[in-house]
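In the two assemblies presented below, chain A is common to both, partnered first by chain B and then by chain C.
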Partner chain A sequence: MSPAIAQYIRPEVVAYAAFGFTLVLVFGGALLAVLPKNIIHNVFGLATSLVGVAGLFIFLGSEFLAMMEILIYIGAICIAIVFAIMLSQPMHLQIPKRYRPKLIFSFVVATSLFISFHGIVTRTEWEPALVRGGDWEVARLGRLLLTRYELLFELVSLVLLVAIMGSIITAAALGGDKNPTGDEET
Partner chain B sequence: MDSLHTYLFVALLLFCIGLFGLLQRRSLIGMLISVELMLNAASINFLAFNRFLGPDPAVGQIMVLFIMGIAAAEAAIALSLILALYRRLRSIDIEKARELRG
Partner chain C sequence: MLNIFSEAWQALLNFFGPLALVLVVGLVVALTYVQINALFLVWLERKVAGHIQLRIGPKEVGPFGVLQTIVDGVKLLSKELITPRPASWLLFVLSPILVFMPVLVPFVVLPFGENLQIRDLNVGLMLIFAFAGLNVLAILMGGWASNNKYALLGAVRSVAQNVAYEIPLLLSAMSVVIMANSLSLRAIVEAQQGLWFVFVQPVAAVLYLVGATAETNRAPFDIPEAESELVAGFHTEYSGMRFGLFFLAEYTNMFIVASVATTLFFGGWRGPIADGPWWFLAKVYLLIFGVIWVRWTFPRLRFDQLMNLAWKYLIPIALVNLLATALILKLVR
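This part shows the complex of A and B:
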């Protein structure tokens, strides 16, 4: 490698390049998740965006949460969405056209929310806490989850259990073919 | 790259993309995907405040873990409801689910 190239490969340049690549993943994936009409492309975009978010978590100092993000969101939720797509919508059916007023309305709402929240974010003086701990260990997370946040932890586990049982009941029992032709609804 | 505003801006943009998708899609699965994007924006915000302002680095991470748990439960419920609706209506278009309309 020639020294002319080598002088550009400094740690901060590499860090900025990695950050930019992560942002491209996040927003490219998000646009791919929202804009195309084909639902499979949306799921691929969601997975790309979530990989980018996991990268942002690493930049924010939490490798553990980056791994959890990939495990839970990409490994579980995206796969579940793909299963639901396989079970529901036949891919050869025509995708319905979009209404232009709805598109314009949602774009206006999202843009105005963006502008107002951006004003709030830039005008607020954020002050750090007076005493800041520096313990980023995963072991401390586990200890806190089983002491101070024990009740919340158990509640989330209970919510997950009830949600899984409820989804089994909804999908298996309530969804019976009461209207198999579906042409009653016009 | 190392300031709070960058991450808040990123999270805000991601949230607004998700909101746009949620309002504009008509397929229920597409709306669910947009909701996941919005939840991720909230997670980024929690971790950014945790990194730059918060008193204890563990608390924000625990909050993000809870968000992930709730998101998994929400996705399971929503997908089973979508399947049940599809079996009734033979469609996952939200505009066709108007049985309860007065």
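This part shows the complex of A and C:
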């Protein structure tokens, strides 16, 4: 009896099991985010998938990025999505039909994205997380963002600025029309 | 049979090393403490409310009514769990569980004393804020899955409020973090050796306490469950222990935000004499007493007042405070 249990709780077995669970979260959540027709279920699926992604960051040795993933992508983005759904037409009550051209189009986009990502991933020579070193602390990330990846950092803020301006313009354009969604006033 | 357990324990010890004991003991203590803390806080809340309103509060069960909450808890346990037929079953059942689970996680990093901490992560503060954010999603889930208009309104209000108040909360915590130069809670306490940060960062401390009161959905920021408008808000349809879990989570959240306030601004486990966890707990419960006092003294804010307070006053003040802190630190160092 004794060697059997010790065999099962070896560090690498536990690590693989944890990694497998994370993968299940990522892919299961992703499927939940796409397949169900109820849009609220989709958002919760997305949140599950993002929890899994946070787990992957922990496996890569950056606890900070994992926490940020939860804080920003689940705590802010998912909630903003749900909020937008709840404030718009009650789509969760009348489930919209799925149109075939739309489905095919999104399938093509997703597949080509997958192929290009796959190409990038297989052609890059990745260093294993252990070799690369586990020092991904806040200070180091900040230094990298303001030196080597400065351009990307600025581009991201530009994207955010454009998004904010876009939302302001959309809100201002719709502001004149008191009932933009066209449904009955209650 | 016993052999299997001892073997499994041995394997766990081999895997985690001496950390296994810390993890198991920490988990058990945290789980127990959550219950005791909720029992005590509910009693304290009712007692304080009673005295503020010139009543006595609970007094029949046990000395000064301290056992009243236990009796209420047993009542909750024995009640039927009702699921409304039009509710979305899975999400309805999952919601109270998902509200309760994230409130256990911060106990991993809370520094009760110099050596009384389960693990000192270098992202401790971020961990607490990240899991506090999950709470909102779970509340939203429950409010929506109930298929009840009051529950949905309560959930939507909760999200609007939490999104607004999380920003000043994080910004005020950030101004402490750049002073302590670390996100680890223990390092933040160590940085306050000479002077508590509440004297250096009074604006951030006030902002944090206001934001924390809003984060825990307590009056004057209790519009998500405003009894006089929304029956019980997001948990209108919940009964028995499912409601009990929401309740437990709320009081544990109070403890957590008060502990973070103690760590960030009031010197953690340090005191004038004999540093130790007693100072930590004393400060935490004093802060909680203040929060309860505020609840029974101030009227509820209207929704637009609440949003204006966050977006037009608290967030700009917090941003200016953060920038000023950074500037002064740059000039001094």
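The rule is short, and it goes like this: the second predicted complex is superposed on the first by the 102 of 186 C-alpha atoms of A that agree within 3 Å, B and C clash if a C-alpha of one lies under 4 Å from a C-alpha of the other, contacts with A are read in each partner's own complex, and residues count from 1 in each chain.
The rule we apply is simple: a residue touches a chain if its C-beta (ideal position, glycine included) is under 8 Å from a C-beta of that chain, and two chains touch if they have at least 3 such contacts.
From a predicted model like this one, the values you see are computed outputs, not experimental measurements.
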{"item": "Residue contacts with chain A in the superposition, chain B compared against chain C", "value": "B"}
{"item": "Touching partner for A:11 - first (chain B), second (chain C), both, neither", "value": "second"}
{"item": "Touching partner for A:118 - first (chain B), second (chain C), both, neither", "value": "first"}
{"item": "Touching partner for A:67 - first (chain B), second (chain C), both, neither", "value": "second"}
{"item": "Which superposed partner A:86 touches (first chain B, second chain C, both, neither)", "value": "second"}
{"item": "Touched partner set for A:23, first chain B, second chain C, both or neither", "value": "first"}
{"item": "Which of chain B and chain C A:163 touches, first, second, both or neither", "value": "first"}
{"item": "Touching partner for A:76 - first (chain B), second (chain C), both, neither", "value": "both"}
{"item": "Common ground on chain A, meaning residues reached by chain C in one complex and by chain B in the other", "value": "64, 68, 76, 80, 83, 87"}
{"item": "Chain A contact footprint on chain B (complex, rising order)", "value": "1, 4-5, 7-10, 12-27, 29-30, 32-34, 36-37, 40, 43-44, 47-48, 50-59, 61-62, 64-66, 68-77, 79-93, 96, 98-99"}
{"item": "Of all residues in chain A, those that touch chain B in their complex", "value": "15-16, 19, 23, 26-27, 30-31, 33-34, 39, 42-43, 45-46, 49-50, 53, 56-57, 59-62, 64-65, 68-69, 72-73, 76-77, 80-81, 83-85, 87-89, 96, 98, 102-103, 105-107, 109-111, 113-114, 117-118, 121-122, 126-136, 140-141, 144-145, 149, 152, 156-157, 159-160, 163-164, 166-168, 170-171, 174-179, 181-182, 185"}
{"item": "Interfacial residue positions of chain A with respect to chain C in the complex", "value": "1-2, 5-6, 8-11, 14, 40-41, 44, 47, 63-64, 67-68, 70-71, 74-76, 78-80, 82-83, 86-87, 92, 137-138"}
{"item": "Chain C - residues contacting chain A, complex", "value": "3-4, 7-8, 10-12, 14-15, 88, 91, 121-123, 126-127, 129-134, 136-137, 140-141, 144, 152, 155-156, 159-160, 162-163, 166, 183"}
